[in-house]
């Protein structure tokens, strides 16, 4: 038996449920040295902004137990170069290109959505809401449901109607389910969660924060339980809303956990730094796990952990 | 050089800054098989309630990367047995006994504080605010600054004036600094942070939540970066308020990280499950780290990561 | 009690062997070997110093020997991450071990007839028990079961230490087809057993306990509940157990057990908090005045 | 470019040796050995399958040999958790390695005079470079420095591969007391060096670059910035580097380097985002119309 790996997240149809997490796959070229990037469900780009961006000073990362802290600061070439160079390259390789966008206010997000809609081949737009809101002294949009809604509405209004828009949520918010609901009401076709968790490490030799500037974002397997709780909770509250689950996916079993919690697809982030082939390995392991369990369609597992104990998984 | 390990957290003076975290040291007897419990700064008890409590059904725990999920449900004997059996035993061994309390409402907390104040030898009362508030359909007190303040006020009012009261905070709150401030204004002499982080794991064989009942509390080294960010942030906002730092302390270097972030003392929790002698080992390693760095007084390091780069640590 | 308190040690691995479907590791651990009484277990740290696995793994002690000041053997089936790591150990590696842990099997004062029932790796602790009972002049009969032949542990040794050894497998690939309880009744009658000792999965223990009750003989069971620390501090390993006072408590199987009197364990309620357990939700209403001075554990 | 792309492999450890203050590990890694050009490095996963350490550790390739289809040697000082784990490997253990990574040292077309300057373990990649240069008929002089005698690596080999080998130690315990830059000027003059290659700590590279500038000869430096992936995807290893167009970009030292032309690296601004770097805060205001079509990397 070869399991059917296709998944459908609303209008977003994918050949399989494994994608890269935003900001963890370079431009795609780096990973293409290790595997054929057309084999995975989608390549999610790092968050593209209107202008080029230098990011934050080094040291930008620190290793933590089963995780890492990072503060890259969205270094990137800007939408111009992205559209001229990175997007065409991804498409030329047959990859499904999902484009993450970040901006300083709803206007910038809208402009990005418009530019992306003019280009052919954008499979999905992921709205990174953990970008600092310039109008509110750098607080993340995700911290303020109103601001998040404005951004999502702006993107949805400007994006071509056939391009699904996913809102990417941070777990560090007062009311995640509330925020999720607001984003969906503002037009998001689905949700991606979770972004990194606020954290910090201190270098005991220099006695200063290990990542320049102090706090950073915690990612990797360490945060998987947190991410799973978020996905589970949001799926319980909004079972019809497609969710891309992420946070510490390293193996096929981890991906399975997210699917069972309610994610329709999963993204692999930090694990790529450890194993550049992580996405295809996760896919292979997931397929194997389905075979072992006699599951014919991966889609049948989505949200299964919410069902009554013993309730059969529809093959 | 033998470093001076004494610390002072407001009125709470400790021979050294290492203590057990609430709920992770049994009744004290279990650990006393492995080391002399009088050697550490304090033994913090599991949260005592008015009545005996059976806790949550098994499986109560699951292992996660560099962490664990737990949902023990505050199983315990109740204050009566605690005062008759556990507290006298701790004192007979020369331990400093810090008593964590939990209740269903301010009245229960107050009653616990009163009972503890009648007993001799209680070094500190730690108010576990992550207990479900019965008046608000089981939401944690920590989720509502008003409710948290009522509890802290009630405890402070009933506790003997010479017993310091620390409020124990959960990181899963909308505004940690705000909550910290409210607790201090309500009379808390200090803060203990962090309690476990909300998380979840799914058993990929049974396809059900791995911990009975679904979500659990994530603890262990995985959450250390989150805990450090909380301590750093609260110390920055309220530098005069004593903080007991915890969350993933496993080694002396980890303890040092918390001190540098602003904690006046540290508590060891999950690491005890791995190594029953963890507290004394952490203490030894911390002492060694001070010697290596030529630091004469551990107290001089508290909050040092906030100082300007290069600012000398006062020996 | 001080003499029996567990010790934590960094123990060199002496040998790693494959025994049927199991791996057997022998470590040099004098302090543990000398304190050991049958039924006790060890808790092993897995994954090395920078391991992502924080929780200890519990294994019954299968054998202790006086060599090298004292060695301890345990055997295990590869199940998850930790046992997979253990299976890769080589001699001279160090293992961080705590033991001996838990309450041992109580031994009868008189030389009575004992039947020992094991399921899968649950057989492991029965071998040192058999020796201890034999030293007291007891008759020992063994009933060992498993899913199939490869998982029946220690068949040869079993025949040597026991008066009779009966084997059952679910698939009939070795010994009698069926479960240990299908064979146990006959053994009890033939051997005129006075007491049953059992170790294995919870459902097996429940049936053995029921069978012993029907034969009106006492039974000691060694239970297995998920453990994280093994030392009594994490409260993860609880099972509902009825105390001498008739009150059910959530007892920690690592320190209050793993050996309990079978009839005291509320097998049907494992994985729940029975409504009448001390401190269960609503419990207070029932017995407000009796002020219980003991808790679970 | 396809022929040079890095490979990921599970490589058996052949030998682990102690070399002065360093550990040297040789692994069997044919794919890496055959692609290798001097200056490239490998990224090693540490801690085994259930490791709590997620990030790879970068090590310069010190030697490749054709044995066993191709072996790769690297050497390292124990520094933190990962190198401590590596130091405990034994032969036949498997290491998960990616390589060869990064841009190699560019080799001169003509047989010119080259001086190679190494600090501490920064000497490691200079040995294969020396061989490659010698094969092209270049004169090679070596200047190797370290804090003290034990950390000076490869003194004997240095004397063999190089025309002259000069050693410096901060404490004077071996060779000349002082820093490599105290000796380098003289070597450049004596050897009439046409080009400098340097690998070592950033401050050393900065001084070597300044010195080369004073002698008006080009310098290639191999920089070391904290790395997490080694493959260009994490964006952690950035240094400010001036491009051919005069624009400063935050370049990834793992894929755009680790070898850069010395004068292109803004050593004084390492650990910052220079205000005039492409995309720095406020950068837009300065050059709004010139629409830069290249980014960092």
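What to note about this one:
In order of appearance the chains are A, B, C and D, and numbering begins at 1 in each one.
The rule is simple: a contact is a pair of C-beta atoms (placed from the backbone, for glycine too) under 8 Å apart; a residue touches a chain by one contact, two chains touch by 3 or more.
The model shown is predicted, which means the values in this text are computed figures rather than measured ones.
Separation of subunit A from subunit B in touch steps, taking the shortest path, is 1. Among the remaining chains, those touching subunit B and also subunit D are A, C. Of all chains, D has its CA centroid at the greatest distance from the CA centroid of subunit B. Of the two chain pairs examined here, A-D and A-C, the one linked by more C-beta pairs in contact is A-D.
Computed centre separation for the pair subunit B/subunit C is 34 angstrom, with centres defined by C-alpha atoms.
For the pair subunit A and subunit C, the distance between C-alpha centroids works out to 46 Å. Centre to centre, using the average C-alpha position, subunit C and subunit D are separated by 56 Å.
Shown for subunit B are the residues that touch two or more other chains, namely 65-67, 220-221. Annotation for subunit C: residues touching 2 or more other chains are 52-53. Chain contacts in this assembly form a complete graph, since each chain touches every other chain. Those residues of subunit B that touch subunit A in the complex are listed here as 64-67, 69, 173-175, 197-202, 204, 206-209, 214-216, 218, 220-226, 228-229, 232-233, 248, 253, 256-257, 260-261, 289, 301, 304-305, 309, 313. Subunit B makes touch with subunit D in their complex at residues 65-66, 221.
For subunit A in complex with subunit D, the residues that touch the partner chain are 23-26, 30-31, 33-34, 51-61, 63, 65-68, 70, 72, 75-78, 80-81, 84-85, 212, 220-221, 270-277. The touching residues of subunit D, counted against subunit B in their complex, run 52.
On the subunit C side of its complex with subunit B, the touching residues are 5-6, 8, 45, 52-56, 96, 98, 225-226, 228-229, 231-239, 249-250, 255, 270-273, 277-281, 283-284, 291-296.
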